[in-house]
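For reference, chains read A, B, C and D in written order, and residue numbers begin at 1 within each chain.
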Amino acid sequence: MSVTSDIKDPSLAGLGNERIAWAGREMPVLELIAGRFEKEKPFKGIRIAACLHVTSETANLALTLKAGGADLVLCGSNPLSTQDDVAAALAAGGIPTHAIKGEDDKTYYKHIISAIDHKPQLTVDDGADLVTTLHTKRTELLKDVIGGTEETTTGVIRLRAMAAAGELKYPLIAVNDAKTKYLFDNRYGTGQSTFDGITRATNILWAGKKVVVAGYGWCGHGVAMRARGMGAYVIVTEVEPVRALEAVMDGFAVMPMHEAAKVGDVFITVTGDKHVIAAADFAVMKNGAILANSGHFNVEIDIPALEAAAKSKRTVKPFVEEFVMADGRKIYLLGEGRLINLAAAEGHPASVMDMSFANQALGLEYLVKNRGNLSPGVYSMPADIDGDVAALKLKSLGVNIDVLTPEQQKYLSSWQEGT
Amino acid sequence: MSVTSDIKDPSLAGLGNERIAWAGREMPVLELIAGRFEKEKPFKGIRIAACLHVTSETANLALTLKAGGADLVLCGSNPLSTQDDVAAALAAGGIPTHAIKGEDDKTYYKHIISAIDHKPQLTVDDGADLVTTLHTKRTELLKDVIGGTEETTTGVIRLRAMAAAGELKYPLIAVNDAKTKYLFDNRYGTGQSTFDGITRATNILWAGKKVVVAGYGWCGHGVAMRARGMGAYVIVTEVEPVRALEAVMDGFAVMPMHEAAKVGDVFITVTGDKHVIAAADFAVMKNGAILANSGHFNVEIDIPALEAAAKSKRTVKPFVEEFVMADGRKIYLLGEGRLINLAAAEGHPASVMDMSFANQALGLEYLVKNRGNLSPGVYSMPADIDGDVAALKLKSLGVNIDVLTPEQQKYLSSWQEGT
Amino acid sequence: MSVTSDIKDPSLAGLGNERIAWAGREMPVLELIAGRFEKEKPFKGIRIAACLHVTSETANLALTLKAGGADLVLCGSNPLSTQDDVAAALAAGGIPTHAIKGEDDKTYYKHIISAIDHKPQLTVDDGADLVTTLHTKRTELLKDVIGGTEETTTGVIRLRAMAAAGELKYPLIAVNDAKTKYLFDNRYGTGQSTFDGITRATNILWAGKKVVVAGYGWCGHGVAMRARGMGAYVIVTEVEPVRALEAVMDGFAVMPMHEAAKVGDVFITVTGDKHVIAAADFAVMKNGAILANSGHFNVEIDIPALEAAAKSKRTVKPFVEEFVMADGRKIYLLGEGRLINLAAAEGHPASVMDMSFANQALGLEYLVKNRGNLSPGVYSMPADIDGDVAALKLKSLGVNIDVLTPEQQKYLSSWQEGT
Amino acid sequence: MSVTSDIKDPSLAGLGNERIAWAGREMPVLELIAGRFEKEKPFKGIRIAACLHVTSETANLALTLKAGGADLVLCGSNPLSTQDDVAAALAAGGIPTHAIKGEDDKTYYKHIISAIDHKPQLTVDDGADLVTTLHTKRTELLKDVIGGTEETTTGVIRLRAMAAAGELKYPLIAVNDAKTKYLFDNRYGTGQSTFDGITRATNILWAGKKVVVAGYGWCGHGVAMRARGMGAYVIVTEVEPVRALEAVMDGFAVMPMHEAAKVGDVFITVTGDKHVIAAADFAVMKNGAILANSGHFNVEIDIPALEAAAKSKRTVKPFVEEFVMADGRKIYLLGEGRLINLAAAEGHPASVMDMSFANQALGLEYLVKNRGNLSPGVYSMPADIDGDVAALKLKSLGVNIDVLTPEQQKYLSSWQEGT
């Protein structure tokens, strides 16, 4: 069993605690839940392994679970997304943490194994690396797992593929599919933080820039909306006709990536798929094109193809690599193609993570309460939990809304009253 | 069997044909389908009764069904939404039509009965007045019905209530639930045409107006988005926490209707529910407040309560009634509280109706093809039809999009590849 | 002296009065001024000829001037912009009015001459047709003119050209250059009413349409802003680099008209210049392209060139002419290329005209007060009048703002206090 | 004469050079000018003292002036705005630089004196601290000054006050008043970088935040526009009626600061005036309110009053000070109330500074060319320079625009052609 942490620098704990407290200011829903957990101890004696971006917001979730009695370990869900000060604070606070910003892939998986060695009864995942590793490298531990939660679109896609193949061995709740998650985190969170990341890395002016957004799912909606909000000229690429049509009707230019590649100044991928920007596209890009990814994995931009096509490569400033192509054009890749909001900025703002992580905390509680009643598979968040999170969030914001009158409720459930 | 029409003025047929042709310009998907129907005659010998807003777009659907061999009759789905010139053109063109703009409720239902007397094998409905009348007044005809389609949110809510009560006697396809319907028609269609209607009725400046949008479903999204796009200050009211939170995060003011009532200049209801603006709200409105409804039925504003509270009432210009309250304040009700886009303007633009009606046409064809295989109940549009409509629409707009490579398809269906 | 009116139909007076009253609801600033004029009679015995769009808003100005004691006659400032019911109401109310919607150019100028025959001491103009006619056809009357006002950009450009050529014979106030005019009327007024006009004429869906806006002055800003607000994809054309750069930074596509001509769905001209869309552009337009003008004169689109290139032309619905080109493409011209908001809709909303016409009324009063002190030339609106109009408008909207403290005033006028 | 630099750390020069080169990528207009200056040496032998924010963009201006032969020294124009790595790079590159991030006021003025000791013949200012110091502490040097330029609104206000008082002793060009400066730098530059600064300092979610923007000049337009673009609910405060009315018509909430103080989550001042947020406002703010300034001087928020009202104060994270009020509410002041975009982020993006500094470079050249011909006073940028900058910028962005035809030019200068 893992009892120690593997972090960058324990001396950063003080700074980490400050940032955790600052994030906590904007996480009132999670705070309410933590208060209840403190009394009810729903996770008393239960081992949890969480594979998440180790940020100040995640720390607030970790503290909430611990308040609920959990025996928790934490590992990072992306090699570039760890905030080392937060990791130090968590480790100092008694939550074994395995995550170092900039770790290589080998260390990354070593850290996941460390978390798995904790013999988790509950798993918390963001991208499904923990679940898939558990299902392939430590199958002997699967029998003790009560269930797990998954945070992100990409992870849910992987889990559904596992379930379809009959290879998923315990129940998993798709936190991502909660409305209070994907409508907010994916859209407003990704939308804002993607621009934060790219701006910190490059300090470019957005007004008038030609920004190519690959993918018009909820993340793409958010990114395109914010790009326009910053004054950019937005081009959307898609593979799905309904979404493409939505982008057209939202007033964006819509075209295949290979056409967009010729005119774009900045490219942002949020598709959840692989090689969305590929060799043929690099070949026609303008000198000075900037590439960033905000999808979960660093596969959306075909980086090996970019490296193969370039005659040289160097880091010109933090998070900015310059690739000089054979014909002299320069293409800039940000944050190694990893999710730019976590690589070059601080990830999603706490206020959206408040809702996502409220769902996580309540989803885990739900799994414990329904222990033994759920067969392996991917489950949606129970709708009433979803609604509760929204109602608590509104309350924390001081927003009041209407309530259906009995007359209105009756009207909605009847069909006799017409014109 | 109904063989004659009941319309306002047959001499308007020429004008109606012009407007039908003009709308047809923006309905290329329906035109493609009509071309195929012309050859394949999927409705050969089948009796169809359609209860729809009798507009130039609906006429294009009617002609498409007729091209497919249907024996079709038409009645209006709202007393104020009929375009009399279009009705005249359809009647002249051999489609029995029962609809007169401004007809009273008695005539309205008489027209529905006329359509039902056609002994339909397929029903097409917009608000479910035809289906509910058939289920209550002409139950002996139910056994011959193959199935039907329903166009709008309100109608689908009614049908689901009927199904839940075990009272729905044949299969109905919820056209409204097709993405190519609700994402476009409800949002971009209602959004634009609501303002068109109110502007034609009042010619008010939208910039700086305080516009209260009741309901933040897809229609409400569209109305709020366009209100902002016209320069208004937008207040949203809701009963559902997730939607209310979305409205907050979209930057709108969110509050209960009774608070909004005190500050709003213009009120627009799109909730699908009853008495969303009620007696207590009228009592606190500002002098000069304007009320309009864009939901399906004229129940969203409690008009009887408004009339009860007013000391006098008069029509000050077409579609504008002035209610003078006991304290002298004047409140203006537009279009008798019926859907303002059809009452005071021309309804949804043809380009969105192209998609909605392509779904109608293909949904009806699907019912015929699956005759006998569908038990009574409410069905979603088959997803492949939905996708096809989007793809055809994109093509008609000259928009090309990407196609998944085999590598990308494989990636999406696998789960082994992680960080 | 003109004592009679030349209008379309006196029986429309009742309807006209209703519409004048309705517009008056949104013209509180003008109403305040009318109240004062009623008491002070600043125009007692003074003859005024006003050449304006004869709309319900203009009627409120006319009544305000009359309340101030003016001996007023009115003629239209555009052959297509007259509202015949308003003209009837004014005529019936004792203000000689010469304007008929759809009058030919000959009648148009005959009406201007009728107004000039009133021997005006003050002129009110919108486009400078009255002033230029007076300076060319009735020069003997110039000596009695105290001064005049001009409403629009185009008119001010013409007057400045006259002044530069030494041909302007009396003082004119450029009402257009008041901030409370051009920032509001040109931007929010033109922006909204242009779309109102085109929508009424065509009922097209704006979402996803490629809209080409020619000119990015204040009118162009308004049109482009509203086009985006309706969901369109906006292309801007310009001749002035600073404005073009603004359009780029506002996120719009910017290109020469000849490039835009190839991709646009709808073209809107607001440049104040001639032949902005010309023969070479028609030649490359897509089938179905729609052309509208919102600039003052019908010269922005080269209509003679369009007619020369077309093999046939017909009116397909009110305000929509179809030109069939030699190669079969169809191009649609709206409202004969005259300002579409007045041709196909009701012109600017009353609320902006309230400010423009408050400036008109106060500008005329200023001319009388400063009679004899102003040499011929083009004058700006006095800044204090401009500020007063804004303050009154805010008050009428119930908006309070801050007032500089003495400390703040002192700070702004000092320079010693630095870092 | 100053020959040495006073900077924080010479070892940062390498990093500084990297950042200067990166900024240079987006400053193509300045690069073109530098190329010409390199050949023409317009500043050969001329001493220039520049008091500017020492950023990577300013470095590009400095290098441009040096390329033109200038004998240049540089000091900071704000104690918190210096980028120490850039200062190191400039010093190493032979441009004496006097600026340290976080310097106290005494050091700040010492650095200005060091720049003045260079006996400048041309001055470059941003906020007028250099000019006012020269006019008060080193009057003996005034006689040798050819002229100067001023970058910002605040500085121009001060210079105009000096000129009005008859105390300005040499000609100054108000670079701020060039359209290619204020329309872009003030609006798009301040708009973007203000949010960049606050986001880096706080990582708050903007969607749904109540953001109070004090001042609706060009900076305020930019800040309000971007706040909305980020999903915030925007409240504008103003003292000037026309601007307040614009804010209303742009759909923003408008109210006095004291009302806004009660509801705002984040407050941003861009007025150029003093104590815009004052003691009475702090007293009613919500717990957790965040205050930031983006105006030139740190006087817009009455910080002494805030300190007086607070019972304690501490720095909770970089650039975030927490003030605990007597009643326990916490108010957060960012970046000591100094311009937040430079305090907590990197200032304006290079692309807008390209235009501002192109104006600076060409304005200084103009002063030299017109040496002896300009009397003391504040001058506008020559319009042709302004237009040239815009045209060069468009060209660098690859944007082509239309050119007036002879026919169009003639039309604009004539007045005979009417309806």
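Following the convention adopted for this analysis, a residue touches a chain if its C-beta (ideal position, glycine included) is under 8 Å from a C-beta of that chain, and two chains touch if they have at least 3 such contacts.
Quick caveat, the model's predicted, so the values are computed rather than measured.
Enquirer: Using C-alpha centroids, which chain lies at the maximum separation from chain C?
Expert: Between chain C and the rest, the longest centre separation is with A.
Enquirer: By the contact definition above, name the pair with the higher C-beta contact count: B-C or A-B.
Expert: Of the two interfaces, B-C and A-B, more C-beta pairs touch across A-B.
Enquirer: Cα centroid separation between chain B and chain D, in whole Å?
Expert: The separation of the two C-alpha centroids amounts to 53 Å.
Enquirer: Hey, how far is the Cα centre of chain A from the one of chain B, in Å?
Expert: 38
Enquirer: Going by the touch rule set out above, which residues of chain A reach two or more other chains?
Expert: Within chain A, the residues that touch at least two other chains are 188, 207-208, 228, 231, 248-249, 397.
Enquirer: Of all residues in chain B, which touch chain C in the complex?
Expert: Counting only chain B, the residues touching chain C are 18-19, 21-23, 25-26, 188-189, 191-192, 196, 199-200, 202-208, 225-226, 228-231, 288, 316-317, 320, 345-346, 348-352, 397.
Enquirer: Where on chain B does chain A make contact in their complex?
Expert: 77-79, 105, 108-109, 127-129, 132-133, 136, 157-159, 161-162, 164-165, 167, 179-180, 183-184, 188, 237-242, 244-246, 248-249, 254-257, 259, 272-276, 297-299, 386-387, 390-391, 393-394, 397, 399-405, 407-408, 411-419
Enquirer: Enumerate the contact residues on chain A facing chain C in the complex.
Expert: 207-208, 228, 231-234, 248-253
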